[in-house]
Each structure stands twice: as structure tokens, then as C-alpha cells.
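Letters are used for the chains, namely A, B, C, D and E, taken in the order the chains are written, and counting of residues starts over at 1 for each.
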């Protein structure tokens, strides 16, 4: 039993990391917005989805003008991801303007924004669906693949207790891009004045404005960054898995939100590590649960496994894995 | 006789020692003040008594029974209630309901009784409201009965905190800077109120306060903390003239006359 | 004009006459136009009007009950749409009761729950398993399916089992705070759903993804119950019980404790409120309403599988609560009604109507944009619009105002005149 | 309640056929295809009904793949007395509770796609289906896998829906009976896109065939990801994979993928060809096999309706009469399948075809045809 | 008293402010000249804090105008007001609880680009409040009440405003610190900072103030020199006890 778990471990790690990094970046979108507005932005998963569709659209367009064959994949990729990130960034800002800012102005209770976010989420899903369907007749889209070179890591010959690992070039792209995004964001939030302003706004909006911080602007910027990251991740997702549909944001959104909480919501590094951890955990569970339980429970329990770990973590560390315990001064 | 006794009480936050090895006793039915510079550990001391924080070491005894390890609501049940330095009211509830919550552990009615319309539960509720109203009259908030607590001005909120705390009919009442944010006139009224509570409610009062006029006027006994340590104790006259206290806390100009 | 309005709003008599006229007209409207959804909705709207009238609460209850239980079924029963209206009514009742349950948890106790549907699932499966042959797969004794008259017992059992699950959920929840709670409850909801969807092996308890079919319909004094119009009355009955419980508890010691915990945990504890017990009570009581309705749901559908209990369902109930007005009992009921009627009737009718127009060539719509597909989109837009224009909810929560004059009088007459009644709880025990 | 107006009046009596399938949400692609198929059938028959004085119309309902919504819609359908029959649903889980309502109201339902056994096993007079049952399709696939493809170690994956589970179970049981070893039986989550975990597990088990019970959205990716991890063994699925989208999603990996389905290649017959062309002309899309299911279900329903009208002397028949007439059909030639209902409402002629992808193009190549035992 | 153009440094004309339907200010008229210390006294709920909030833009006055340094700032958002040189030490301190003491101070100088200037100012603040220097990395929220008050004042000083508004700065402070605070206020004023001080501690406030206003239920009922007000019978009766 153990032998099999170990054999496939390298492959599980690679796959888990791929998924985990995607969770991580989407989780950051949740954490950023949550951190600043204490709002679970249900629409964020759909911004991610929209990003993947915009990316696919751009890719199809570039293909139709013959750009794809004449230019290296990497350049194409950079163009696509930049356009998608920008577009979703502005989409995020727009959503904030339309659906959240008016509520803030009217001093609405915190939870009411949950409703607009769910509403926006439905709208995005269906609008994307209608556009995709009008254009292609189907809304399950399979994008042209960019980095499909297969790599085989022959670790079996070095370490015989492992099986070999295979992955696609896209895995490396996902890895590199997400790590770059994560690090630059971390620096932005923790080292720059804007980052500090974001945290200040998160903690006390009114007082932040007394410090000459333009609160609405900070919130817009936060939405822009969070959404742009989400959109860019959508492109990565599309590159990695090839197929997208308007509903990918839903499940991924739940997972990413879970990851954000696992790491300690409001905490950027927590969200990253939470995402990676969740990806690994899920992959591990899917690959090994039935081996471990002798068939009593299979891969279908992977989410149960992940959630139980989450709940256990929160019971023993209620502020999340990497969150710092905020002792309320009484 | 000491109703509340504290032995070698220490609290550390990480590397910071907020209170260190404090021992003191509080006489039954007295008014005892705890004073000291900002950050001396006064509020922390209250927090340990009311089980908001668990002491790092040491013991707290109420009538000889240890309170350490209890939950906050159990401490309240044992007869200690408090007000908070940073006001903590139930902002979305009416003033009356705030006081009724204060009575929580005195009301015996079970929710099943509520559902089944038991007459004793009903009567208890009626009486509780009447009593709550009287308490509000007592602290001078009767005109705000139906107002949301969060909408009251600062001074009124402070009085409501007191009302909620005495609604539990405590044996010991802890007041954390009750006069903060009040003008001298209001402080005067508060002083009278505290005096009156002691006799009328037969309660022991411990208060933290920076308003020396109030403290000196009202206290039977004063403890002074500095940097978490007990640096002096005595009747007001002694404290007023204690050099260490003047140096650390009162400042030369502030030695006000009664 | 304004004067007249204010006069009208002051005069109960004028209002009563107006209201009676409204009910009669709309009832007549529905009677004559049986298939008109608008007529049906207008009649239902009378309940909302009633809510705002200046009448005694008791009178309002009686009138409201009369309309819901007698007028609507009677008037609607004359045409082919009867069962359809009653189905909508039944669903409204089910969701309203669940929303009231969630309102206890979220609105009163301030515990954000994103997995509330789990309790509904538990109730539904409880009845489904025992009222079908499913139980015989793992129960060593007894004959299954149980007969339809055990249904009534199962309403209670559903409530009890669901509240046990509520307490189970409560245990981790006691440790986590604020929005961490949201994710724990979400996880809990998903765990329950996934487990129910997979418990066909090693022991077949729930029949897994295939679901449980052929559930025995309930039986009332030998009459089998299978129509929506019959379930309507069952649901109405339970719903009334739920409202009763909720409104009684809201202004009781427990209700105050919930709100205190919601507003300020530390102060609540310092006032002697045990956090654990209070939160668990909220979960258990809230869950029990869902459990009851779950049993009804299983009986009504005659089939359950895990697809009815997804996370989206949980959020929908949450939407009903928030949209209606958190903490506000009438608001939450209205929220449930609005969302349910929109989703099951109005949007469907709207899209049917648009389809009709396009098949008749009145308007032309490309197939990708067929109105039949737009229900969720329209729903999404409506949610945003509602939220932006009713930021406090449809009927915002208001604190109950006590009659101060009366209280003052009673206080001055109260025996003894002492500030606090003399007896003091002697050094209390532990909780 | 039943139809009231007679057929004699001058103004044409409206008869509606409802469809109930998911038109929004993740499963709407197939749901839409079913609806469009039915729509075309209704269009085709419009003239014939007009001759008899009836205005035939379609009433599409969106069940959102949600049982509650399905039942509520069913009540709406029941209350519209001009609706005399339903084509639907996509999901067995929705069809089962909804059909209870149809049955109470004597509305006939012809299901194009519900393969779960419980759909007809409840013995409702109004419930019929033209597709094969899971306990026919699954074993048929198993026979082919074990006997023809000589699979000895089979890894089964299913999507934990009523459909995928039912099919995979039936497949597994039969395969085991035939002596194959089931080296894994795993579930995945509908809507996800990364199935590497389960596939890693499959890799470790070294199976010689993978069976997937579920729909192409996940199936296509499973094929692709399995190939990426170097599993170049035959993979097999059921009718849920019978779609051009399978090829789109899986791309080249689709080679060596087999699936069982209840529909032959419709474009081979003239009738079918015409259907495909009309469909393309009208909706601007290529047909899916589900379109043909939808078309045939509606056609059978309309045939029954026509019979009932004739029997009633050209007047509008009752719903009950329509239901009886539909059930009475024993030999109807559809474009995709012949239809004849047995006493339970299952299709006597339901056949299973096995297809194989030799290249990345739809439709695939038929490799076997299995008739009901 | 007014400057060359006959206008004041800060001037409120007939300002009325509301919280929802509740009117908190019924037409406030008030002015401050450059370099003055002006104090605003009044009982609980009189509208002192609301006046400050109206100036800073946290509350938008419904009617009336507010002029600062010759420009109309009535409709300004708080951050714009702050940029124009008005800092406020809010009631109840409003420290950013999860920022460290250092970050709390840094954010006070948010609009300052030059890092050197920031650290210079910070050193000055440490000069006033050495306790803050000892606790640079402690989270603001865990500081004691009085320590937070010091931090709040320090944070406002980081902005080096033209006009500093203090809302009950002495609340919750040890007597010795209260004295210090008043000293600091005087010193800042000497260096040219104009000060608007809201205090319950009317005696001390009036002592250091050039002028004072007495506010009652949302209206100014008295104004005058600090020393005059201190001896005013009405004031003594009502606020000085």
C-alpha cells in the first residue's frame, strides 16, 4: 500500500502543484477583497472564468489572423495574458463601481453585498455563455493549445521507488507565472505605501481617509489587482487544461475561497500557501484515498478529506495556518 | 474582610509582562481604586478577574473560592460584573434590551417555558422589564428606553454600561474608566451615582480611573500599578503624597485639591 | 392629496374597507382568470398590504391566515392551474421555514452559515430511507418501506436528527470566529452532500448517486397524500409552528442572548451568557426547521438525490434571508416568497411569454439568446437591483418598542419600590 | 383536467408539446440539443396537424437540472391544458420526481435520454423512453470490453451522478461477471477540470482498459489527461460521450476511445441526412446525437398524438388517450432508432452501438451493434 | 483678527449636519485665525465631534459652508481635506489595530514622498512620546488605552498639518500625560500650527486657548477669549463644576 503511494508521489506532487498554484492566485483575489471590504466576493470566481474566455477569444483572434503560426508561443502567451489581465482588471473595477460602491455609500449592512456579488456572478456566467454561444454555437470552448510539449522526468532510473513523472510545458508556464505574480504582489502589499494604504483601509476606512488616503481609489486598485490576477489565472487555467466553460469559476471559486481561509483570510502569503496546500491535498486524496481505505472511500471523497483537514486546522488554529492570532484588546 | 483577593497575579503577552506578581485584597462593600500610568496593566488586571484573559500565574479568590480557569460567563454568575474601557454595548439593541441582557443569568425561565406560555416565565419577563426600567431610571437613562444603544452619546453609553453591569446584581462591580469622556459636571453626577450604588446595591466597587478628583473623593483605598507592578497602596491621603506615585503618575501640577 | 393619504394611514376603518375591497377584487380576478399568474400574485400581495395596515396584530394574523388557508386555495381551485399555484405555495412555505431557521442562525445569532441546506438534506434522507425499501439494505429489523402514516412522526424525527446535526456542526464552530465560520459551514454542507451521494458502499445506506425513488407518500387517516394542494396545508401547518417558535423566542431570554452574542461576544459573556450553549441552541433550533421541511420535501418529491442539496441552494436560502432583511421575521418570509416565486413561477412564465412572442413572430430572437435560457441571468440582474434599492432588506429589521408609559406606570406601582428586588443569587454554580 | 375545446371550431385549437431540459447552467449544451431536436420534429409535423385543424407549438421549459425546478415546472405544464405531452428530461434525477407529477395529470412523457432504471421501473403508465437502459448499455459495453477488447484489468471512473453511477455500476458488475478484474472504481466531481489524481492512481494500477461513466465535458478531459500521463490503453464510455465535443476537448487523444450509444450514425440514412441538414439550416449548428434523441422522442410523441386524434374522430383527445396511444406504439421508425414500447415504457428496439475513434473526427466509426437480448 | 483679505483661516458658516434623520448641528458659526488655539467645549452629545467631522468631511454638512485658507472645502471628501492640511485626532483614537506602531505613524505621513522627512518627523514624535519608540513593532490594537491615545496624536503630527483638530485628546490619559499633551499642544502652536481643541477637560483647555466656543445641542451658545469664558458664570456652572 505504502509502496504505491510513494511510487506515484512525484506525479501527484507535480499535478497538485499545478492545481495548487492556480488556487493560490485566485485565493489571493478573495483575500485582497475580503481583506479590504470584509466581503466574500462571490463574483471573483466568475471574473477568473471571464479572464479565461477573454484569453481564449484573443487566442482565437490571433489564430484567425495567422499570428499564431508566425510568432513564438511565449510571445503570444504574454500578449494574451496581458490583455486578459487588463480586461478583467477593469471588469473588477466596474463591478466594484456598480455593485459594491453604491452599497458602501448607503451604509448598507455588510452582508447585503453578498447578494449583489451572487447576482453579478449569475450575470457574468450567462453573459459569457451567450457571447460564446453566439460566436461558436457552443459554450464549452477548447482553446488552441500553446505549450503542449511533453516532458518525461526519468526519476525512476535514479530513484527506483518512484515512478516517472510526465508533465506538459504548460505546467512550467503556470509555475513560473504564478510565482512571479505571487512574489510581486507580496512585495506590493507588504513593502509599498499602496500596500500599507490597502491594509489601513481594510482595518478602518473612515480613519484611513483622515490620513489623506483616497479610500475609493484604494478599493478600486485592490479590485483591479485582484481581478487582474484572477483573469490572468484564468488564462493559465485555459492553457493548462485546454477546455473552459462559463461555470468553471463556481467550483474553483469555492476551492480558492477555502484555500484563502485555510491560510488565514486577509493574509496574502496565507492565501498562497493555503492554495498550494489545498491543491496538493486534493490531488493526494484523489490518488490515494482508496488505497488507504481499501476501497471503502475513493477519490469522490477528496473534497470531504480537504474540508475535514480545513476544519481540523481551524479548530486548532482558528486564525488559519498562517494568519496571526488577533487578540482583541478588551 | 476581603471579598476579593488576588495572589501573585502575573500576565505576560509574549515577552511583555503586563502585570507582575500582584497581590492585593479588596474589602467587602468598599470602593477601591486602581490607578497607574497608561499601560500599567490596570485593564489587564480587570481582564484576568473577569476571565477574559487567563493569568500566566497566580490566583484570584472570591470569598475564598478560586476563579481561575472559569469561563467569563461563569465569573459573572459568581457575582462579578464589569464595564469596559472601550465601550462594548449591544449597539443594535434597545437600551432596555441591553439591561435585560445584563439580567440574563438571573432569569430562570427556560425557552421551552417561553414556547409553552408557562405563566411563571411570563411573569418573570414582565417583572424583569419593570426592574430594568427602574435601573434605567436610576442611572438617568429612562428617556432612552427604546433607543438603540449605538445611537446614544458617549456619556450616556457609559452609564448604560453601568446599568447593564448592575442589572446582574453583582457582589463585585468593576468599572474601567467610567468618567472618561465626561465633563466635570457629569463626572460629579457619576461620583454621586457610584457612592449611592455602594449602599443601595450593597456592592463592592473596584474602579480604574484617571480622573484624580473623582478617585480621591470616592475611594476608600487605592492601589497604584506601574509597569505591571504594585508600587503603592493606601488611603487617598497617603497616595496623594506618595513620592513614587507623584513621579510616575500624578505629575507635580496635578495634585489637585479634593 | 398628501392630506388624504395621511388621513388614510391614520384610519383603521378606511384601511379595513380598502383592504377587504382589494382582497375581494383580486380573489374575483383569480376566480375568473384562473390561469393568470398576475391575478394570483395580486391576491398574494394582499398579505403584504395586510402587514402594513394599522390593525391589531392578532387581527392581522387571523385575516392573513384566512386568506392563505381559505381564500387562496378556494379561489384557485376552480381551474387547471390549481396544483401549480399550490406547488408554488408549498415551495414558498418550505423555503420560508428554512429561511426562518437560517435567520435564527445568521440574523439573530450572527453566525454566517453557508451550508444550511445540509439540515434539509438530513431531514429529507431520513424520511426517504425509511419510507422506501432503502432501509432494508442495512437495517437488521423492521419492514420497509414504513407505511405512509409514519410520515407525521418523521416530521418530528427529521427535526430531531437535523438538530443533532446542528449541534455536531456547532462543535467545530465554537472555536472559529466570524467569517471563518462561513467556510466551516460551507465545508460541512459539502461534506454532508458528498457523503450522502456516496454512501452506497461499503454499506448501502443512501443508494449513492442513484438516489432513493418510490418513497411512500404520506397518509392521513387512510387518505394518501400526493397532490401539491395537500402538501400545501401540511407545509402551512409546519410553517405556522415555525413562525410561532421564532417570534416567541426572538423576544425571550434566549433571543436576547443570541443578539447579544451577535453584537458583542465579550460583553455578552461578561453579562453571564454562555457562548457555547447559546450558539448551539441557535444551530439546533435553526436546523430543526429545515429537518422538518426536509421530510416533507422527500415525501412530496417521492424521490431524493444529492443534487437538491448543493452549495448553491445554501446560498439561495442565505439570499432569501439577507434580501428579506436580516433578523426581521416578516422580511425573511417575504424574501423567501419573492425569490421562490420568481424562480419557480414568474421567470418561467416570463420566458414562456417571450418564447410565445418569438414563435408567433412578434419579436425575433437568435437561438443563442432564447428567452427560455435567460432565467438565471434575469434573476441575477434582479438580485443586484433589489440589493441596491433596498439596502436594508425588503422589510428591514426594527427593534420592538416597549410601551414606555405603561412600563413607567408599572414600575412606580411595583411592590417594594426597591431598585433591585432583594433576593440575590447566592454564589452560583457552574453552567 | 384535460383538453376541453373540440377540434371542430374554425379557429385552430392550439396543442402544445412541452420540452423540459436544462437550458441554463452547466448542462445546458445537451439540454439545448434535445430541445432543438424536438423543436425540429414539431416544425416538421406542424403542417400535418394544421390540416386536422390544430396549431402545434412547442413550449420549452428549463429544468436547470434541478429536481425542485423540474417538479415546479411539471405543475405548470400540468396546468396548461393545451400541453398534451412532454419530451424530457436530460437528468434521470429530475425525470423521476417530475414524472410523478406528469403521471398524476396523465401527461405522457417520452424521455430521450434518461437511462436510469428507476425511470420506468416504477411502472408509471405515462412514462416512456426511447433510449436504452443503463442495465442494457452498461453490460453491452462490458461484453465488448472483455470479450472483444480482451480487457483483463479494468479501471472504472464515474461522475457520481445518477446517470454515470448507474451506468458504471452496470458495466462493472457485468465485467466482473465475465472474469475481468476491476482494479479501481473511482468517482470524480462534475464541473472540475483536473482529474490527474484519479489518473495517477489508474497509472499505478496498470489497467488495460479504463471505463468512464459520465458525460463528455469531464470524459473528454479524462481521455486527454490519461494520455498525457502515458496511458495509451483503450478507454471506453457510454452515450454521455457521444458528442462532437468529445473530440473537441480530447483532441488527438481521442484515438482509441470507444463508446456505447443508443443511436446509430443518423447521417447514413437519407432521412437522417435530411434531418442533419434541416437542423443546420434552422439553428446554424451541427447536430449532436442528442438532437436526434430529441427529434425521435418528439416524433414518437406526435405519432401517438396523431393516433389519438384519429381515434377520437379528429377531435382533440384527452391527455389520457394520448398517453395510451403513445404507449401503444409498437413500431415507429425514427431517424435514430426504431421505437416500440413494452409494458413498462422501455423501447423494445433500443439498440446499442459501439463506436471507436480511429481519428480525431466526429462521428466515430461503428464497430459493433447489439440488439436487446 | 482676520487676515489681509478679511477672511479667516478656517470659517464655518451656518453649518447643519445630520445623521440620517437626526440633526446634530443646527447652524454652527465659528472661525479660527491662523496661529490660534481655539477650544470647543460642551456637554455630552452637544455636537463637538460632529463639528470636527463636518470640517474633515467625514460628515457632509447638509447646508452651510466651510472655508479653509480661502477655499471652500464644504463638499470635500476627508482625504481631500487632509491633503489641504487639516489633521484630526479622532474621538476614540481609531488606531489601525493590525498595523504596527511604526506603520501607524508612517501612514500619518501618507502624502509625504520623501522618506527622510518621514523619519525626521517620526523622531520628533518619539521625542514627545518615548513609549512609542519602545513599542515600534507592537500591533496598535494591543496597546493600552493611553498608549493608543499617544499614538493617535503622534500619527496626526506626522502629517505636519496647518490645522490640527484634537477630539478629546486627554481622555483616558494619566494626569501626568495629560499635562504633557497640553504642553505639546502649546509647543506645536508656538511653531505655527493652528489648533482646534475639543475637550471635556474645559478648565485646562480654556487655559491654553486663545479663544473658546461653547456648544449646546448643536448650536454655539457662547464665544469669547479663553480667560473670559473661564470666568463666565454660566460656563463655570455648566462645565467646570
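By definition in this document, contacts are C-beta pairs under 8 Å (C-beta built on N, C-alpha and C of every residue); 3 or more make two chains touch, one makes a residue touch a chain.
All figures in this text were calculated on a predicted structure; none of them were measured in a lab.
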Fewest hops from subunit B to subunit E - one hop per pair of touching chains:
1
Interface with more contacting C-beta pairs, comparing B-C to A-E
B-C
Quick check: how many Å separate the C-alpha centres of subunit C and subunit E?
50
Go ahead and note the Å separation of the Cα centroids belonging to subunit D and subunit E.
74
Subunit B and subunit D: spacing of chain centres that average the CA atoms, whole Å:
73
Distance between subunit C and subunit D based on Cα centroids, please, to the nearest Å.
36
In subunit B, the residues touching two or more other chains are 13, 43, 52, 84, 86, 88
Hey, what residues on subunit D touch two or more of the other chains?
24-25, 28, 160, 187, 284
Among the residues of subunit E, pick out those that touch two or more other chains and give their numbers.
142-143
Footprint of subunit A on subunit E - complex, ascending:
56-58, 77-79, 82-83, 87-88, 90, 94, 96-99, 103, 106-108, 110-111, 139, 141-143, 155, 159
The answer for subunit A against subunit D in the complex is residues 4, 7-8, 11-12, 15-16, 18-19, 126, 129, 137-140, 142, 145, 150, 152, 163, 166-168, 237, 241-245, 247-248, 250-251, 282-288, 290-291, 295, 298-300, 302-303
In the complex, subunit A touches subunit C at residues 34, 38, 40, 42, 98-99, 102-103, 106-109, 111-116, 118-123, 125-127, 130, 133-134, 137, 250, 254, 257-258, 261, 265, 295-297, 300-301, 303-304, 307-308, 310-311, 314-315, 318-320, 328, 330
Quick one: which bits of subunit E touch subunit B in the complex? Just the residue numbers, please.
22, 41, 43-45, 91-92, 131, 138, 142-147, 149-150, 168, 171-179, 200-203, 238-241
Which stretch or stretches of subunit C touch subunit B in the complex?
244-245, 248-249, 252-254, 256-257, 259-260, 262-264, 266-275, 281, 399-402, 404, 407-408, 410-411, 414, 419-421, 424-425, 427-431
